[in-house]
Each structure stands twice: as structure tokens, then as C-alpha cells.
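Here it is, the structure, as C-alpha cells.
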Amino acid sequence: MTRTLTLALLAGTTLGGMAAAQDVTLTIESWRNDDLTIWQSQIIPAFEAAHPGIKVNFAPTAPAEYNAVLNSKLDAGSAGDLITCRPFDASLELYNKGQLADLTDLAAMANFSDVAKSAWQTDDGATTFCVPMASVIHGFIYNRTAFEELGLEPPETVDEFYAVLDAIREEGSYIPMAMGTADQWEAATMGYQNIGPNYWKGEDGRRALIDGEASLTDEAWVKPFRQLARWRDYLGDGFEAQTYPDSQNLFTLGRAAIYPAGSWEIGVFTPQIEGAFEMGAFPPPVAAAGDTCYISDHTDIALGLNPASPNADAARTFLEWVGSAEFATLYANALPGFFSLNSAAVEMEDPLAQEFVSWRERCEPTIRSTYQILSRGTPNLENETWTASANVITGAETPEDAAARLQEGLESWYQPAQ
Amino acid sequence: MAARRPLARSIAAHAVLILYTLIALFPVFVIVINSFKSRRAIFAEPLALPTADSFDLVGYRTVLAQGDFVLYFQNSMIVTLVSLFLVLLFGAMAAFALSEYRFRGNSLVGLYLALGIMIPIRLGTVAILQLMVASGLVNTLTALILVYTAQGLPLAVFILSEFMRGVSDDLKNAGRIDGLSEYRIFFRLVLPLVRPAMATVAVFTMIPIWNDLWFPLILAPSEATKTLTLGSQVFIGQFVTNWNAVLAALSLAILPVLVLYLIFSRQLIRGITAGAVK
Amino acid sequence: MSARRPFRWHIVVFLAPAVLIYTAIMILPLFGTLNLSLMAREGGERVFVGLRNFGVLFGDPRWSASFWNALGNNAWFFLVHMLVQNPIGVALAALLSSPRLRMAAFYRTAIFIPTILSFVVVGFVWKLILSPIWGIAPGMLDAVGLRWLFAPWLGREETALTTLALISVWQFVGIPMMLIYAALLSIPDEVIEAAEMDGITGWSQFWKIKLPLILPAIGIISVLTFVGNFNAFDLIYVSQGALAGPNGATDILGTFLYRTFFGFQLQLGDPHMGATIATAMFGIILVGVCLYLFAIQTRLRRYQF
């Protein structure tokens, strides 16, 4: 025990001397600084109550710095015991470098489907190295109060979608859609990856791209860009300099009617709106009524183990708990909009979260197209997609040019695409 | 007639300076007033002063509930002041050696010491962190002090040696004839004469140390060693829309460094006037 | 003369503490990193590849396009500082140092305040002021009837970089001001009095007498501006993100290096290419500084008072 403690101190993972002799303190590295209070007030107390002797310290870093900080700490050996895993390559790389432990033998892994685990497995699917925590779903959140006031219904088809936008614009009290291009990320994630699956037919299209059977210059992949170019007319003044927080605030202050969203916004928006208006949500519109709808149900967050952790046993105990139905219910309700990946059904109280998750029943889920394999080289397809999506909206590039540039970049290093 | 021109010129000088002062202070003013307003008021009228209606301390309550800011402040103070002292002392000593003595390799040492201002120290992060892990200094303020001292030295040597070249040789030679040792000449004669430069270097060194986020994040992220900048960082991420908290955190980050600067600024003025030997 | 004088230990004593700390904490780690530019990862092993990474950086059109774009942006960033920041700094210092100026201390303190702010504060507040949505800048322009002048400057490719350079000037103008101010104050009264005797006053006194005397200080400022600008990173990162949008228009060497070295979003960090860029940056800065140290500094006339 003394030796472990000394090691722990050396590795800088415990708050020197604060832990009582018998207690083990686990430190969690995470980028979810928004969730700090929820971990401190709900999740950690629930675990600690059931597992005396293990203390947990949630230590988040701002999302933009997380990868750089985590990698530096791992390289130098001062990272925490538990590591929040980004999906796909970022975590796979850590596993290959021996900086994430193999968790395939964890009993709780049985609670997750192969799809749920796919983002944190080796390419052959033989080894899993993180316990899946949650996925996020894309769609559109709208101001229901404003819609009722203007006599509008949430659209189902693309034509209805633009009819609604036109109606809001003509009436004039609301900005039709809250979105900006300053952060680029917003255009790619809330725009392209949100509506795209309906055009490239979800998983089929995504896999065809990975197999090299489809090209980004195919109609199915250019069409979402054409849609984004049309959005320009419905965005607020000066959207070129509008940042992601600007968009969020425009919507929550009731100045914009529709917000292209990720489900994680639910937990952020509800307290900020303070009941000033009602929210609703609709999935990305389809071409014709009755078409199969596809949604981005993106495996986003998981938890892994630092193999250098001196408290591996306690950490595994914690990971088993993270894989349990108890954690799934706790997490999904504490953070509405982060949907459990656990096979056990989870009861959620938030109506908007229920709405989002109900799309899983009628639509085909897929993950973001650029995340698996395709962003392994230089130029990085995900980063290029950010720039391309923003350019298409501002008009700096035509949809065709943007698509051609992406394909050319991908071909430059990805064999199957050539 | 003769009196009018200086008067006009003085008015013009004041006009220019006042205008520039407004430009310099306006953004700070914007942050501070908005940190005291409710969320809706911030967005509705960002330029309005807080009124009885819009006054709201919710941002400060959120921020202060999130950690021991007195401790963070104390950590920041210790790190900044100790690093500053070491940078000034060691930097002035090295600058004196370089500017005063002709010896083989003088320019080479000068160039060597100047290399550090040409590469961002952030690039050495992993090696520095490994060094600190190996010496058990992770999560100590000492680690930060060492890094900041190393980081501040190049600029200090660079500026101070330039100023020390301007110190009269006659004075130093007179000292030598009086039998003063080289150490006394440095501490008694030269140091007081370069006080304005020392004060300037102090201010330049202090600012990046106080505002640094990177090394506290990597080397000393524990609760006991958090600096103020790191402590308020929680509110300034990509996914943060709680502008009340952000503005309050920013105001809290500005105030201490402002006070510190005002203290140094006094020294600076005193130093400059005392140093300008006429 | 004294061909064999005793070894001067005091030189060692004066130099040792600075050289030791600086070497151990800064130089060794940094050169360890730069060294990575000569290696690459192949099949999990780190192998020596000579100058191959530099071949990729300058030879592969994808890498070189990003590099030259960043270098060009950086040069413009520097030019704006030299043309705007330093003249304003000198002018403010000249005004402040005029004798019998009331409230000089207040002005000097106030104008230096932006310099003490962290990049996070500066980035946030200027984004807020220039935001087309929350309307501080548009509102103020509207009040003077110039609303049409307003554009989302930070979001447009043509204007974003210049806007950021001017924000940076706003932040750092205090540094040239302070250094020049200290230099101006150290000009002895006798020199000024002698000039006044000869009837040289006002602006011509500044140009003919003071300016030549403060040239060494202006030299230091220029080289500090050069080094600072070519190492700049934080302001762009805080306000435009690591991708330095719109469409790479604000990408400078610092952001390009950060993205490559530490990785970003799905892009994994590549310490080898990152180190290659860092070495190239280091080379550029070293050439500039050597040019100053050996070509300019040695020719500047210094006056001892």
C-alpha cells in the first residue's frame, strides 16, 4: 500500500496527503468541463456511497486543449487513472501506443452492442479499450412558442423545411436559423453531418466511402453542400463572424426560431431559457414524405484506463460501474441529450431528450462520416470538411469545388479512394 | 502671443492622450460592467451600466462557488513574485557579465541566451514534464517557478544588457580605482542605475507568467497548486455559453494583475525618474 | 598588454545561475524537440530519416501550401505591427515625455493596461465588441451615422487577419511606449538644453536630437516585435480557433505549428512534422535576429551618459 501511494504521488495522481491511508483516489481526465458540477454533485457521490474506500476526482480540461494536454501528460507519465476517450482514431492511437489498457475482459462489456463499442475497438474488432458512455443525435431544435405564434408546423420534407424558413423570414420577428460560420466546426457538425446522412443513406454511404466505392464528388455527397449553400439566406446578419456561443445565445434568448443542433444542447439550453418559451425538435428533413430517414447517432464519449495507473483495480471497479445500467440511467438523466449506449433500456424524464431518442425507432442511425479511418492522414478530412462547409455557406467555394477539393485531399493519402 | 503656442500644443497633446486612453480602457470597461448584469441585460444593452433592474451577481456566485479562489490567488502570487525575483537577479547578473567584460565567446553566450526568445517554450512541454516527473516536482509550485524563470531569462538578459551598455565606463572605472570588487560594482553602482530597465523588464516578465494557462494545466493542475488563471479557465471553454460566469471570471482575472501592475507602475515611475541621472 | 591575466571567476559567477537554469529547463527540452524533426515513426519505431521531413514540408504541395500561406500571413501580421504599433508607441512616448505634462502617470498607466490582459480576455472582449449580433461596434457606428461601414470583419477572409493584427497592436502598444519612454527620459537635460540654445525645439528637436539618441531602443523594439510576431499564437487561437479561419486566412506559423504538433480534433498530433515546422520557424527567426545583432546593432551609435 505504501508503495502504491508513493507511486501515486510520483505520478502526481493523488492530491498529496489528502486521501486517508486506506482510500484510493482515482482521477478522471475529461474534456467535459461543462459537466463538472454534475459529476461532483450526482455521479461521484452515487459511486462513492456504494464503494467505500475509493474516492473519485473529476478533472476536466477545456475541450480545445484536451487532446494536447492529455497526450503530453500520458507521454510524460503524469496523466490520471481514467481517461475519457474520444471516438475512433484519437483513442485507437493511444491504445496502439500502449497508453490505453485493453478492457475486453471487463464484465460490463457484455452490456454493449458491437455498434456501441465500434468507436473504441481495434480495426478488427477483437479488442475494446474504452467503456462506451454516450452518443449524441443530430437534428433541429425549434422554438415551439414561436412556431405556434406564426402558425407553423415542424417540417418533414426538404420543401416544407424551406417553406417554414421562408415564412419565418417574411414575417420578420425571428432570425429563421441560428448558425454561424466563424467557428467552422458548427457548419460541418451541425450542418453537413446533421443533414448529410439522408443524402448518402447513412451507414451504406459511409461504408461505401471507406471501401472506396463512393467518391465525395458523387451527387449523394455534394447535395448536402448544396443545401448548406441555400441556408445562407436564412442566417442572421453577419453570420460570417457569428461564433458557436453566439448561435446558442441567439436561440436561447428567443431571437432565432430554428437551431441546427446536437442533442447535447438540451442540457445547456433548458436552464438558460428559464421557461421563456417551449422547445421542440424535428429530425433532418427528407426529400419526399415517406422516405426512410437517416440520423446521425454518433458514438461520442467513453471511458478508458491508463495502463500506468497504480490504482488499476479500483479503476476497473469504477469502469464496471460505468458499464452498469445504474450509471446509464444516472448519466442520461443528469445530462439529457447524452444518450446511453447501454443495451439496457433507460428511462429518461426530459421530453426533448425523449423526442430525440424516439427517432432511433423510425430512422436509420449512422455515425459522422469523417470519423472512422478517413481522418487518419494529411490533409485531415474532418478539418477539411469544417473549412469546406463554412466556405460553402459563405459562398467562398461552390459545393462542387468544395467536394472536389475534399476528394482530391482524401485520394492523396487514402489508397481505397484512389 | 508666445504663450499661446505651448498652450495649444499642450491641449492637443492631452486630446491625443485622452483619446488613446479611452481606446485602451473601453474594452476593459465593457467586460467589467457586463459582469454585474443579468444575462438578458448583457445581450439587450451591452453598453448600459448596470441598473437596479439589471444588476445581478449570478456570474460571481457561480464562479466563486467553483473553487477556493483565495488559494488560487495566493498560488499565482507566489509563483509570479518568486519567478520575477529570480529572473531579475540572474538576468541582471548575466547581462552585466555580457555587457561589461570582453572575453572569448561573449557574443556566442549572448546569442545562446537569446535563443530562448526565438522558440516557444511550449514545444519543450513533454521533455519538461518528464523532467518534473523524474524529479518529483509535478504538482508543486517549484516546477512552475523553474519554468517561468527559464522562460523569462532570455528577454531579461536581452533588454538589460542593452541598457547596461549605456552605463558610464568612467563611473565603473572610478569604482575599480577605489578598490571595489566586481560584485560591489554590479550591486552598488550598476544595478541602481538600470532601475528603469529593471522595472520595465519586471512588468514584461510578470504579465505572461500571471496569464499563463498552459504550464499550470500541464505541470500543476492539482487543487492545491492551481493558479488563478487556471482556476477561472473552467468557464472559458468552447462549449461555454454561460456568459455571466465567463465575464465574472474574466473580471476576476483582470483585477489582481491590474493591482499588481499599479504597484509596479509606482516603482516604475520612481525607478525611471531616479535612474535618469541627469 | 595583459596577455595573461588571472582567470576572471566573477564572470563565471555572474553567468552561471542564468545559464544553468536556462539550459536545463529550456534549451535541452527544446533541442530534444527540434531533434525530432530529423526522425519519423515507422512501424512503431522512431528512426532517423535525415532531412526527409523538410523535403515533405517544402516539397509536398499540401504541406508547402499551408506553410507559405502561414508565412505570408505572418509577414503581413508583422508589417502591420511595424507600421502601426511602433510609430504609435513612439508618438505616445514622445507626448508623455514632454516636460510639465500633467497626468502623465495616469495616461502611461492607462495605456499600458491592455498589455497586462491575458489573451483570453482580449480575444473574448474584441469578439464581443466586433460581433455583428450583440452590436457594440455596429451600435456605436450607427450612433455617428456610419452603420454602413460595419462588416463582420473577423469572419471575412479579406479583413480577418488585419483586424486581428490591429487587435494585437491595441494590446501591445504599451511595450514600445514603455521602452521608448525610458529611453527618452534617460536623455540628459544638458543635451536638450544645448539644443534649445541653438533654437532647435518642438518637432525638429525630436527628429534631430532625440530620435538619433533613441535609435538603439527602437532597434530592440523592432527585433522584439519581429520575434514576438513570428512566435505569435495565442490571440489567433483564442479568437479564431486552431484552424485559424475563415478558410485559413488567419493561419500564422504559430497556429500551423500547434495544429501539427499537438493535433486538433480528429487530426492526431505529429511531433515529427511539428518539430520540422518549429525548426523552420526557428531558422527564420534566427536569421532575422542575427541580421539585427550583427548587421544593425553593431552599427548603431550608442551614447553613454
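To keep things simple, chains are lettered A, B and C as they appear, and every chain counts its residues starting from 1.
One rule holds for everything that comes next: contacts are C-beta pairs under 8 Å (C-beta built on N, C-alpha and C of every residue); 3 or more make two chains touch, one makes a residue touch a chain.
Heads up on the chains, UniProt names are A = Probable sugar-binding periplasmic protein; B = Carbohydrate ABC transporter membrane protein 2, CUT1 family.
Keep in mind that what you see is a predicted model, and the values were worked out from it rather than measured.
Student: Starting from the defined contact criterion, work out which chains touch chain A and chain C both, please.
Tutor: Correct list: B.
Student: Please state whether A-B or B-C has more C-beta contact pairs across its interface.
Tutor: So, comparing the two chain pairs, more contacts are at B-C.
Student: Please compute the C-alpha centroid of chain A, do the same for chain C, then give the distance between them in whole Å.
Tutor: The answer is 37 Å.
Student: When the centre of a chain is set as the mean of its C-alpha atoms, what distance in Å lies between chain A and chain B?
Tutor: So the centre of chain A lies 39 Å away from the centre of chain B.
Student: From the mean C-alpha coordinate of chain B to that of chain C, what's the distance rounded to whole Å?
Tutor: Going by mean C-alpha positions, chain B sits 16 Å from chain C.
Student: Name the residues of chain A that each touch 2 or more other chains.
Tutor: Residue numbers touching two or more other chains: 64, 72, 183, 249.
Student: For chain B, what residues touch not just one other chain but two or more?
Tutor: 43, 125-126, 233, 236
Student: Counting only residues that touch at least 2 other chains, which ones in chain C make the list?
Tutor: Residues 134 of chain C touch two or more partner chains.
Student: Can you check the complex and tell me which residues of chain A touch chain C?
Tutor: That would be residues 64, 67-68, 71-72, 88-90, 93, 96, 180-185, 236-243, 246, 249-250, 370-371, 375-376, 378-383, 386-387, 390-391, 394, 396-397, 409, 412 of chain A.
Student: Taking the touch rule as given, give the residues of chain C at its contact with chain B in the complex, in rising order.
Tutor: 8, 10-11, 13-15, 17-19, 21-22, 24-30, 32-34, 88, 91-92, 95-96, 98, 101-103, 105-122, 124-126, 128-129, 134-136, 139-140, 170, 175, 178-179, 181-182, 185-186, 188-190, 202, 216-217, 220, 224, 227, 231, 233, 254, 257, 261, 271, 274-275, 278, 281-282, 285-286, 289-290, 293, 302-305
Student: Spell out the residues on chain C that touch chain A in their complex, using ranges where they run on.
Tutor: 44, 62-63, 127, 130-134, 151-157, 240-243, 245-248, 258, 262-270, 273
Student: Which of the residues in chain B come into contact with chain A in the complex?
Tutor: The contact residues of chain B facing chain A are 39-40, 43, 66, 125-126, 129-130, 132-133, 136, 138-139, 217-218, 221-224, 233-234, 236-243.
Student: In the complex, go through chain B and note every residue touching chain C.
Tutor: Chain B residues touching chain C: 9-10, 13-14, 16-18, 20-21, 23-25, 27-28, 30-31, 43, 46-47, 86, 89-91, 93-94, 96-98, 101, 103, 107, 109-121, 123-128, 131, 146-147, 149-151, 153-155, 157-159, 162, 165-169, 181-183, 186, 196-197, 200, 203-204, 207, 210-211, 213, 229, 233, 236, 246, 250, 253-254, 257-258, 261-262, 265, 268-269, 272-273, 275-278.
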